[in-house]
Amino acid sequence: MSNVTLNNICKEYDNGYKAVQNVNIDIKDKEFVVLVGPSGCGKSTTLRMIAGLEDITSGELKIADKVVNNLPPKDRDIAMVFQNYALYPHMTVYDNMAFALKLRKIPKNQIDEKVKEAAKILGLESVLTRKPKALSGGQRQRVALGRAIVREPKVFLMDEPLSNLDAKLRTQMRTEISKLHKKLGTTFIYVTHDQVEAMTMGDRIVVMKDGFIQQTATPQELYENPNNMFVAGFIGAPQMNLIEVNINEENKNIVASFNDIKISIPLGKGKILKKKGYIGKKVVLGIRPEDIHMENVFIEASKETSFNAKVEIQENMGAEIYAYLNVGGENVTARLNARYKLKDDEEVVLAMDGNKIHLFDLETEENILL
Amino acid sequence: GSSQDSVGDKVNVDIFQFKVEAKDALEQAANMYMEKNPNVKINIQTVGGGDDYGAALKSKFASGEEPAIFNIGGPQDMIDWSEKLEDLSTESWVSQAYDGTLDPVTKDEKIYGMPFNQEGYGFIYNKELFEKAGIDPESIKTFGDLENAVKLLDSKKEELGLKSVFAFPSKETWVTGLHLSNVAFSNEFGNVTNAFNSKELKFKYADSLKKLVDLQADYAYMPDGKKASLNSVDYSTQVEELFSLGQVAIIQQGNWAYGSVVDIDEDLAANIAMLPIPLEGVKEDSIPVGVPMYWSINNTKDEEVKKASKDFLNWLYTSDEGKDLIINKFKFIPALKGYDTDNLQPQDTLAKEIIRYSNEGKTMPWVFMGYPSAWGQENLGADIQQYLAGNMTWDQLVEDAKATWAKARK
Amino acid sequence: MKTRKLLLGLIGSIIGLIYLSPFYIIIVNAFKSKKELFQSTLGLPESLNFDNFIEAFDRLDFFHVFLNSLMITVGSIVLIVIFSAMAAWMLERTKTKMSGFIFFAFIAAMLIPFQAVMLPLIRMMGKLNLLNIPGLMFTYLGFGCSLSIFLYHGFVKGIPKELDEAATIDGCSKWQTFWYIIFPILKPITITVSILNTVWIWNDFLLPSLIINKPETHTIPLRTFFFFGEYTKQWHLALAGLTLTIIPVIIFYFIAQKHIIKSVTAGSIK
Amino acid sequence: MKKNRLAFWGFVGPAVFAFTLIVVIPLLFGIYYSFTDWNGISSNIKFIGFENYMEVFKDKGFLDSFIFTTKFTIASVITINIIGFSLALLVTRELKTSNVLRTIFFMPNLIGGLILGFIWQFIFTKAFAALGEVTGATWLLGWLSNTETGFWGLVILMSWQMSGYLMIIYIAALQNIPQELIEASRIDGASACQRVKHIVFPLVRPAFTVSLFLTLSNSFKLYDQNLSLTGGGPANSTQMIAMNIYNTAFKFNNMGVAQAKAVIFFLVIGGITLSQVYITKKGEVEM
Amino acid sequence: MSNVTLNNICKEYDNGYKAVQNVNIDIKDKEFVVLVGPSGCGKSTTLRMIAGLEDITSGELKIADKVVNNLPPKDRDIAMVFQNYALYPHMTVYDNMAFALKLRKIPKNQIDEKVKEAAKILGLESVLTRKPKALSGGQRQRVALGRAIVREPKVFLMDEPLSNLDAKLRTQMRTEISKLHKKLGTTFIYVTHDQVEAMTMGDRIVVMKDGFIQQTATPQELYENPNNMFVAGFIGAPQMNLIEVNINEENKNIVASFNDIKISIPLGKGKILKKKGYIGKKVVLGIRPEDIHMENVFIEASKETSFNAKVEIQENMGAEIYAYLNVGGENVTARLNARYKLKDDEEVVLAMDGNKIHLFDLETEENILL
């Protein structure tokens, strides 16, 4: 059993800065939890408190049901992978991985066995005698992982382990870490500020901002039902379009309008708006780029959510196109199939998928529909 | 302290001395003595590098590792170190000291130092050159004689292969500020004690001293042809280079220069002698002779250590073996009587000259140990450099000398 | 481009020769007799005569004093390196007022002229019975740690803190972290610190003369100064002795210099 | 927390202990002596308040040596840094001889200060003279015989010795300049001189801070080379403060006054170097 | 006119390494050309030769029809943006931008005008007095651009200008640079190793490998008709699936088979295979992840190209899923709509879009179909 429980954890630095506030997370055994959020939101601080590198100001931290607030790192049975790997530059790959075991006075042959095994899992067998300097970025990353693996810890902590890699390697290592998690069956706590990583790797994602947790949920849940505008904007690329609109009732229909564009809100959502008293008020309408469509069939069927737009610029991604549109003065991004050949400054008609519309309170930024 | 003074049952005698040139001889003497007196262990420490004995001695005492035997230089040292000095007036060698040599270290009938040796200085000249120039050194008694000889030499520079007549190391302020000025002041004060006690300096013989300075400077080798550059001429240039290579004929130095010359040219060293330093109209046919340093014994040491120390010094200067060492190894001119036998006569040409002058009574005392602390070098010597550089007239120098003397004695 | 490089190479060689010329004077004169030395200071020696070296070797009791010097230098360097590295690491990693103050004090001490503390120091060393080789090493530590800590401190700044933390998580105590992780990484700056301190300690005259001036503990400079007498300097021997003295340091420097370039860098700049 | 403090002192303790014993306590004693009439020998020491300090302010020799030291420091700090920097520029140009030159330029540091002074005395008075006589250049004659040549002699000696040391610091700094900045300036149209002036120079400023600190404090404290090269002469005109203090203490046996001078001196160079560090640090860039 | 012509350009470094070999590119006035390729393929070297930072070993380089082989950088009328921006850290933003103009001794007021204008274009007005250290990554990037803009050069050179930015900023700056290119109407030569950048920004893309040009074409052309396997694999993310297959004729149909999987090759392509004599031989079949479909309708219609697969791991990207599949022992990636909820280890049926199949020679790796 290696569940990790954070109970009302707070962290105030010596200079009085409150980096983490009232954080509650309940991480189950073998779960892969990702902490995600913009730079400076307190992810690393949280992780470092779990590791024991940072004192906990208040709250209770349990690992395997045991309170560990005052235990030094080495007694917490955790391993950590650092953003910059923190490999010992003067030791070979082998020694880097064996170091923690040597300190634990584990017999030589056992160490050897474990290191070799980890090296095999990570495909590092051929570089065991090299120093970190002589490794490529991806290899270094794997050594950092290996160093953690050999320890067979209860909990794996990783602080942006992929952020120093280039795009291709990052994609590749992402799957490798996922595979590793499956293979080891250990609890993983993973910090990143990259939402793609969070989405693709986590069993559950904790979204943080300014020291507070914004939402804790599975990736799909997070993507489909973001708690608030921040989560909505943070998760998904290209970003969800967020447009300030006026809500009015027109002929029994609830209509969101901005400038001269009018979008009908589907019935169910409209009802909630009405119930919560948003008629006549301003709210923020959110629609993801992939929920804007250009297929004629679709547009025909969705007259109430269609609108005119002018193509400002477009990016060809091969299989699809990101179209940056001007819709009644607002910037809107749409993700379209590459078969549509758009011209710059072309006027086009598009339609939103009404079911995928999100609505947020202008003040509190909370999701109105939840 | 006492515990560290004796190792086992041996008496430990630490000697802290300044004369690098005497280091080997002293060690030899100590070894001989220890062989005879197995209960004594003599440890010798020598301060290398020249003139820093004062500082070294102070730090030695400050460190607590006080030596049993050390050196002091004159009246001022005697007063400064008075807390540490053992009265030696009951020692047997005292009666053998030459007249006046104990004055600088005598106070209230007590004698605090044993003379190291005697040294003397004058105008050392190259006999061969004098011969070639047709000058009879015997005839030079007065300043006028000297001046004429110098002029003659100067006129024959080329044929003699000379760069100039003199080499004048005004960089070495001890040569000018101490030794040369001593010629004037020993005649002004008569002896060290007077000098030491004098509140003021009259500088009676300023003019005669000026002549000595001018004569040497005017006819000296000047590196860049200007007088001011004399201030870069040091002992080594003067003695080892210019004089020993036969490039100048006369230098004002003492018997210690023999060692320097002999290192360069043995033949030349055998062919040099000393002219008097004539203070015009005052005392002309003589040279200054004195005691440069004294041995002292630390009175805070245990009696047995003090006794062993005294015994060692006694043995060194009065036993037959010791005397032999003093003459033939140390190459000293003894400051004590009783070195009369033939085998105890110094061999080097300059020492012989000093003894000749002494025997003829043509000496004047050393009084520069009676100058105020560092005055001779730091004030007078520096002023002479200024004078040579043309930054100061002789009159200003005289005034400044008087003023600084008076200030120091305030 | 090519001619420009050639020109620079030429300028470099000329300046190099100028820098070497004093060494030329040292070496050629080490082969001359005293007389020859004064007769022609700049010329080549008449013959390649090793007499001066033999005599200097003898008079210095070179083997013996060399061992003394070696022991003192190595011992002091070990002390300086270990304690300065330890202190610098802690001072850099601890962000408190106290550590800032201590660091400042170390730096400020670089401005103290030695003469100002000489006598009180000797007096205290005497009281503490430290007028011996261990005492001398300890003194070198006291005087040497300022610059060394300064250099180490700068270098430590460049070592990611995560390395310390990784070690902590791997189960190291502070002590283990320092010895297993930090100290090995400090190697380049350690070599710099060693070179700079070696150059100083190997050639130092004043401190040994004050603290260990006994024949059996003499260092090379103490002996070399016996060639400088009250009046006469035995230049021919002194220069031969000097050549003997600096050869070991030059060899040491040659071996270590590959690292020094990288190191003073890291130490002093960042 | 308590454990942290223990570890802190465990690591810092030994150095602090040695430092306190060897530097701090003697310094405090030294300050104490500056208020006494101690002559360095006697065991009865009298407290005399600020008398020694008054004495110092009346001492013209001290003032002269202060002025001389300041002049020397200015000149040597400038020349050492310029030469050191130029050497660094030279040997970072990927010449075939770079490595050899680096060694050669550093070699002067391998000789101790006192001996170095003697050797240069030898060079100035003998080698210069020989050269001067051969070439007929009279300015090569009579070196060290007056204040100017003594002054420049010291500056030359120190430049020869220290510039290699600084070169190493500057090399490090130069190598830290990203190559792209140099290339960017080439594309921006800067000539070699403009590049050094506008780009290289500002970027090695942190090295300047360190180098200035080291050269300033070294030049101010200079003793060995001063003693053995000019001995302060002629007429004490090249006597630097350290030597003045030394002589006061050991030649004039005025330990109290000497300590007072040392204290004043320490305060002054402390003030100067610290403000130097403050000023130069302010203009530094972090990359 | 500011066209750039590279004529048989070669570069051999002092150590004998041939970094660039026989490169021919003809860049038209106002064109946006992207050099792309894996690390070490010689992109930077090529760019730096154009800039004049590197000597040209052989060949002829013309800018605006003038041979500039021996002209120093400052006389080539080019501007360059470096990967790490190479901002002068000791100068303010203003001075950074003004530096080149000052060196040209342009009057103060003109400099001021130009800098202010560039700052306006780039939205840097409020940070003109700051030093680079006090800027965010994106702002630094813009200053680097600004420094180039004020020079009004004939040609703009950029060496991976976005690679130091994080994912979000990178996307944003990408569009900004595209906009800038439109606005300035200058020739742009842009180096990147990121195929997304290349695809989205370039009018034309030059793909390089090992110092040689592999293909020069528009993004769409490159995506749809890659010259060879290298280009096919390099362009597009996730990467094109490349599978070694045996080509046989079965009942008049040309069939590609591997292990127990069989895929029918569409008629037209089959003909070419036959004509070129590939029957009975091995070739490499390429299919892009988005050209593998799971819609039942599609599978029904494409029986000949359907196959069974086992889901190994999947990455949820929000709007879609990357499924990493095991197809008869080969790893195949499919890009599926997020509405398919796959389970790990699930067996599924998929089908390729036959029209989108690429075929490559096993030896030469050339595209057989071109």
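For reference, chains read A, B, C, D and E in written order, and residue numbers begin at 1 within each chain.
Simple rule for what comes next: a residue touches a chain if its C-beta (ideal position, glycine included) is under 8 Å from a C-beta of that chain, and two chains touch if they have at least 3 such contacts.
Bear in mind that the values here come from a model prediction, so they are computed numbers and not experimental data.
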Report task. Enumerate, in label order, the chains that touch chain B and chain C alike. Result -> D
Requested in this report: Could you work out which chain's C-alpha centre is the most distant one from the centre of chain E?
Outcome: B
Query raised in the report: Any idea how many Å lie between the Cα centroids of chain A and chain D?
Result: 57
Report summary line: Rounded to the nearest Å, the gap between Cα centres of chain C and chain D is 16
Report task. Would you mind listing the residues of chain C that make contact with two or more other chains? Result -> 118-119, 123, 205, 224-225, 228, 233, 235
Query raised in the report: Which parts of chain A, given as residue numbers and ranges, touch two or more other chains?
Result: none
Requested in this report: Find every residue in chain D that makes contact with two or more other chains and list them.
Outcome: 40, 114, 126, 246, 249
Query raised in the report: Who touches whom among the chains?
Result: A-C, A-E, B-C, B-D, C-D, D-E
Query - Contact set on chain B toward chain C in their complex - result: 18-21, 23, 43-51, 56, 58-59, 62-65, 235-236, 239-241, 244-245, 256-257, 259-260, 263-265
Query - Touch list for chain C against partner chain D, complex - result: 5, 8-9, 11-13, 15-16, 19-20, 22-23, 25-26, 40-42, 79, 83-84, 86-87, 89-91, 94, 98-99, 102, 105-106, 108-121, 123-124, 138-139, 141-143, 145-146, 149, 174-175, 178, 199, 202-206, 221, 224-225, 228, 233, 235, 238, 242, 246, 249-250, 253-254, 257, 260-266, 268-270
Requested in this report: In the complex, go through chain E and note every residue touching chain D.
Outcome: 51-53, 72-74, 78-80, 82-84, 86, 88-90, 99-100, 103-104, 131, 133, 147, 151
**Report entry** Contact set on chain A toward chain E in their complex
**Finding:** 163, 166-167, 171, 174-175, 178-179, 182, 193-194, 196, 199-201, 219-220, 223, 235-239, 288, 290, 313, 315-320, 322, 324, 335, 338
Query raised in the report: Across the complex, what residues on chain D touch chain C?
Result: 4, 7-8, 10-12, 14-16, 18-19, 21-27, 29-30, 33, 40, 87, 90-91, 93, 95-98, 100-115, 118-120, 122-123, 126-127, 130-131, 160, 164, 168-169, 171-173, 175-176, 206-207, 210, 213, 217, 220-221, 223-224, 241-242, 245-246, 249, 255, 258-259, 262-263, 265-266, 269-270, 273-274
